[in-house]
Structure formats: structure tokens, C-alpha cells
Amino acid sequence: MKSAKASIQIIIAIMLLVGLMPLGNTLNNIKEDAGLADRFIQRPALGFDNIAADILWIKTIQYMAGIKKADVKSSNITYEMFERITDLDPLFTGAYTLGGLAIAHKTPAKSLILFDKAIAHNLNIGWRIPMFAGVVSMHNMKDYDKSAKYFALASEVKDSPFFLKRMQALAKARSGDLGTALILWERLYNSSDSASVQIAKRELVRVAAEILKTSTNNKLRNKADRIIKEIL
Amino acid sequence: MLAVKTERLTKIYKTDGKEIKAIQDLNLEVTPNQIYGFLGPNGAGKTTTINVLLGLTAPTTGTAWILEKQIGDIEIKQKIGFLPQSPYFYESFSSVELLNFYGKIFKIPRKERYKKIEELLDMVGLTDSRKIPLRKFSRGMLQRIGIAQTLINDPDLVFFDEPIAGLDPVGRKEVMDTILNIKKQGRTVFFCSHVLHDVEMLCDSIGVLDKGQLIVSGKLKDLLKPKESLEEYFLKSIEKKGGEKA
Amino acid sequence: MNIILTIAQGVYQRIIKSRILYVIVVFCLFAIAYSTLYSAVTAGEETKLMKDIGLAGIAVAAMLISIMVGSTAIPAEIESRTIQTLISKPVKKHEFILGQFLGSVYVSLLSIAIMSVGFIIILAIKTHALNLIMLKPLILICFEAIVLVAVSVLFSTICSSMVSSILAIVVYIAGHLSYQIPFLVERAGNVVTKFIGLFLYYALPNLQYFNVKAPAAHGICIPWGLVFGVILYGAIYTAVMLLVSLVIFKNKDFA
């Protein structure tokens, strides 16, 4: 009788343990949806990863303060440190921002790797990091297409400032995709943001003139033509 | 009605593949309202018997009844008290805290509990050291608070395992007086000892255990010849038993 | 009054008189207060750092206290043989186990509560705001402590307090790493390794669920669904531990 009771208890225990499997999967899904999923990292710190990140952060700040003359080598080291920090604490936006901007001058490609990591790991990243990524691609990488993509991303963030859309159009124009640039400026021209309308007016004329000068696409030329006439 | 009855009670300990027969086919009958002395040399199986009776360990075979209820029935425990051999209590507790704790285990209502605690402290003479943590108690004081603890639930039957071992003469006297007092309150006392002189003064009847088997039992006054001390009788019966076996 | 609660209260009364508990709690609060002095080298991240240190300090202290208390409660009664007196009274074995468990949990939660209040106050002084977002990670730290008490109680029904606290620490470490097992299993070719890996993954408590310290410190919203889900997870795991302890304890002798 006693052993029967014990076996029932053991069976209940096992059933409960089995019941934890679907519950665990549900929890994983909730975490995934909230952008809090656990990721595999090489050297985890037992639930104290963020503290490890903080210690490394302080060390990195001290390292950066000690750099006499920034070069590619120190920039690479800085990058590695920020990689590790953000491995340990993928939500640490401050680390992506500081790291990405600090190494943008000497190693812009790595800077973009950090910004990309931030964007990949964070649901609510805000508009600043994509904006920084856009600026770095534009100024340091001269990759205007990519830059336009980052600005587009930044401008889609809720409550992001309006100038990001202008940056996107600007980058598109510089990338040589005059057709898209024209569409973007036209949209801004018709928007309710008065500062943008003024700038858009000027830029539309400039892009349209550029099209008329260089493009062989007749449809585009006609559109540019029409716009210039409309504005002037 | 019997206070304690055992039927072919056997307990075999298995340690390192070796079997130790702590008690063997024990048949005991203890009538109520008396002091029953459970005697025997070291290792005879006295503590084991009590442990089985109290459900601290299960018998290998056989069974027993306490106050007409078979062991294992949790109801029994409402009506008994127990003082373990060389007892040890929560050392950070004071006497009052300890008695209060056990009183709550018996679900004694607050007012009644406090009254009972005062009575018991008075009975064992610990009223003045009520607030002192038990860690600072002497052996004798520990033994006395241990006895008080057995009475918190107004038991019909109390088990004392070596209550006077290791006490000085004054301590022994105090404990023995307390035990007599408990009997006067109409309770049955079942107590183990090998301090025979004391047993002789206290007990109404005895049972002598040797190597796990009961070799003598009965009323003390029927067993002893005039002027014979229990000590002499005890040694004689154990020797006789040994002789029979050899 | 209920017997289980009486036993729990007894556990609490005994532990509360031990000094080590106060040492841990005070040390933790001191560490949190000390972390406020570090703002010079944190490059504008001082509140994040403070929150990290506060939560981590409380988590470590909670782990130490729950394992210490949970793994000593029962062995202390057995070694000092006070259990004999207790079992000779109308106490059923499950009441004994649950009482020891609840008493240990109560002590752990009380210490966490004290540390948490201290932390929130220090944080409020520093940031001039009541950081109630910190409540979610603190709640989950409490439930992790409950699971750890249950794990320690289970070990302590088999081993000495020393061994069970070591085993419980091993479970703590493994429980915080087990979330990595699926990633490793994916790469493992061997079927046996896969099986063992998955077995461990489901048998060990996934303590990483209870760790929402980082998002909270970053001010990221943690969904209540997650909090309640994790609480349910902890409750079920605790129940399993207690059931197994009970089965083991039922067949134990106290002579």
C-alpha cells in the first residue's frame, strides 16, 4: 500500500516534469516575441552576463581613454571588446552606440557590423542606432545605397524625427538612384512638415535637373520635366 | 486495557551486509497506571524497541499496540509523550519557546497552552530560567525541559529513554521525583534504564531485555526475594540466560 | 494552528538567530550602495550599472541564502535528532517536509524583500524616480529562490547539508547554462549525446527563465505573460522536487 502510494507520487512527478516541456517551449516563444530570446554565446556567465558586460564596459572605457593616437590596430581592439560586451549583453544599446561611433573613423566596416548586431538583437532599438549606421555608411563608407536603407529603417521607428526621411532621399540621390530620390523628395514636398517642404523644393529641382542632364530614360525625363515646371 | 502490547516484534538492522538482530520476537504487555522499567545491558535493544513503538523506524516483522491502537496509527501520538535518549533540543530556543512550539504541534489553544507551559516549567523547576537559550542549559536542566516537553499534551503514556543517565545525584533525585509525580497524575510511565538502584526505587514492574529478547518480566515485588537487590537479580538472570544458551 | 505552519515558523525562528544571514544581506546592500560611487568611469551608463549590480547582488545573495537554508533545515533536525521528538508527536512526514520547506522559503523571501527595498530606495535616491520596473526581475528572483530551496530540500533528504548545498550549487550553475543545450545538441552528430543532452535539458530547471535582470536594467518591458509563465514553471518544478523528497523521506528511518 505504501509503495503503491509512492509509485503514484513518482508518476505524478514525472507527468509534471513532462508537462514542463510544452510550458518551456511556450516560454521560449514568449521570450522570442519580446525580443528577449536566449542566444548561444561562447563564454556565458551564469545569469550574470550583464555584470560581466559591465565590467568589460568599464575596462573598455579605460582602454579607450588611454589610446594616444587612434589607428586601425587600436580600433580593431576596441571593436573586439565591444563585440564581447554585446555578446554578453545583447540589449546594451549604449555599448553598440559608443562602440560603433568610436571605431567608425578607422574601421567603418566593423562599426557597421556592431550597428547591424544591435539592429538584429533588439526589437525596440530606437532610431538613433540605424541613423548612426546611415551616417557611417554615407560618410565613412561612401556606400549611399546602404546608407539610404539605414535611414529608411530609422525613419520607420515610431516618433522618429522627420529629417531622417530627408537623409534617406539625400542618400538615394547620391547613390545615383535618381528615380527613387525623385519619388522620395516628391513625397516630402507634399508632406506637412514645413521645413522639409522647403528643402524638398530645392532638392527636387536639383535632382530633376540632374536627371535631365544625365538620364536616357524617357519616362523619367518626362517626370523630371513635369516636376520642374510644376515647382517653378 | 493494556498501555503497551507487542507481538513477536522483531527488528533487524542491515549494515554493511551484516544483520543485527536488535530485537527478536519480543512479546511485551504493560498494564496502565504504573511505572514500567525496561531494563537491559547496553545494546540489548531497549532504544530500538521504543523507536519501533513510536514509529521512528518500522519493525521488520511482528506488530505492537499502544493504548489499544496498532502502531502506525497517528492517533496514538496524541496521547503519548517521549523523551529520547540523550535528548537534544533546538539550542537557540528558550524553554518557553520550545514548549510553545510543541504545544502548537498539538494544536493546543493559545490560552490553555500558556497555562500549561507555566505549570510544566513550575513542575520541573525551570521557571526562573525560562528565557535562557537551551544551549546554555546543563545536562540536568536539559533532561528536565525534555521531561516537561513530554507532558505538554497531557499524555496517558510517556516513554523515557534513559532519563537519569549522566546526571549527578541531585539531578537524579529531581528527575526521579518528577517521574513519581507523573505517575501520581495517573499516567503510565515506560522507562528504559540500566541504573538499577534507581529503577528499584521507582518501578512497579519491570521487563529485562538481553540481546534483543525478553528474559524476565513481572511485578518487582514478585520477582525479588526479600533483601535481594535488583542489581543482584539482574546479573543473576542475565547469567542464567547466558548459561542456558551455552 | 496548522502543523506545517508551526514547523515552518520553528525553522524561521531558529535560522533568524544565525548571524550569517545578516552578513549576507548587509553585504549585499553595502555593495549596492558602493556601486553608486562608480559613476565616474561608466561613461553615462551609471544607472544601468547600478541596476545591474543591484539585481545581480540580490540574485547572488538569494542563491546563497536559499541554498544554505534549504540544505541545512532537514539535516540539522536529523543530526541533532530533534526530529525524533518531532516525529514522536502527531506530525506526518509530509507535514515535516513541507514545514521545513516553507520555513526555508519564508526566510529566503524575507531576506530578498529586505534587500529589494534597500535597492529600490538607493536607486530612488540616485535617480529621483521609483523604479518599479525592477519589481519583475525581483519577483522572478524570489521564485528562483523557491526552486533552489526545493532542490536543496530534495538533496538534503539524501545527503548531508554540506553535500546537498554543493549539489544544489551545481544545479544552479547547470540550470543557468542548460538553455545552451539545444544549440549544442543541434551540432552534435551522435544520437546518444543528443539524447543525454535533451534529457538534461528537460530534467534540469531552466533557471535562465528566471533571469530578466538585463532587460529590466535596460528598461525594456518584460511581458506579464512571461512573468506568470515563469512563475508557473517554477511552481511545477518545485512541486516535482517536493514530491520526490516526500517519496524518499517516507521510507526513511529516524532511529
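Letters A, B and C mark the chains as written, and numbering starts fresh at 1 in each.
Assume a contact is a pair of C-beta atoms (placed from the backbone, for glycine too) under 8 Å apart; a residue touches a chain by one contact, two chains touch by 3 or more.
The structure presented is a predicted model; accordingly, all values stated were derived computationally and were not measured.
S.K.: Would you mind checking which chain's C-alpha centre is most distant from the centre of subunit C?
M.R.: It is B whose centre lies farthest from that of subunit C.
S.K.: Relative to the centroid of every protein C-alpha atom displayed, which chain's own C-alpha centroid is closest?
M.R.: C
S.K.: Distance between subunit A and subunit C based on Cα centroids, please, to the nearest Å.
M.R.: Their C-alpha centroids are separated by 37 Å.
S.K.: Quick check: how many Å separate the C-alpha centres of subunit A and subunit B?
M.R.: A distance of 79 Å separates the two centres.
S.K.: How big is the gap, in whole Å, between where the Cα atoms of subunit B centre and where those of subunit C centre?
M.R.: Going by mean C-alpha positions, subunit B sits 42 Å from subunit C.
S.K.: Where on subunit C does subunit B make contact in their complex?
M.R.: 1, 3, 6-7, 9-10, 13-14, 17, 80-82, 84-92, 253-255
S.K.: For subunit B, which residues are in contact with subunit C within the complex?
M.R.: That would be residues 47-48, 51, 54-58, 74-75, 77-78, 80-82, 84, 87-93, 97, 101-102, 104-107, 149, 153, 159 of subunit B.
S.K.: Applying the document's contact rule, which stretches of subunit A touch subunit C when the two form their complex?
M.R.: Those residues of subunit A that touch subunit C are 2, 5-6, 9-10, 12-13, 16-17, 19-21, 23-24, 26-27, 30-31, 33-36, 38, 40, 44, 46-51, 54, 57-58, 61-62, 89, 91-94, 98, 124.
S.K.: Please name which positions on subunit C make contact with subunit A in the complex.
M.R.: Against subunit A, the touching part of subunit C is residues 38, 41-45, 48-49, 52-53, 56, 59-60, 172-173, 176-177, 179-180, 183-184, 202-203, 206-215, 217-218, 220-223, 225-226, 229-230, 232-233, 236-237, 239-240, 243-244, 246-247, 250-251.
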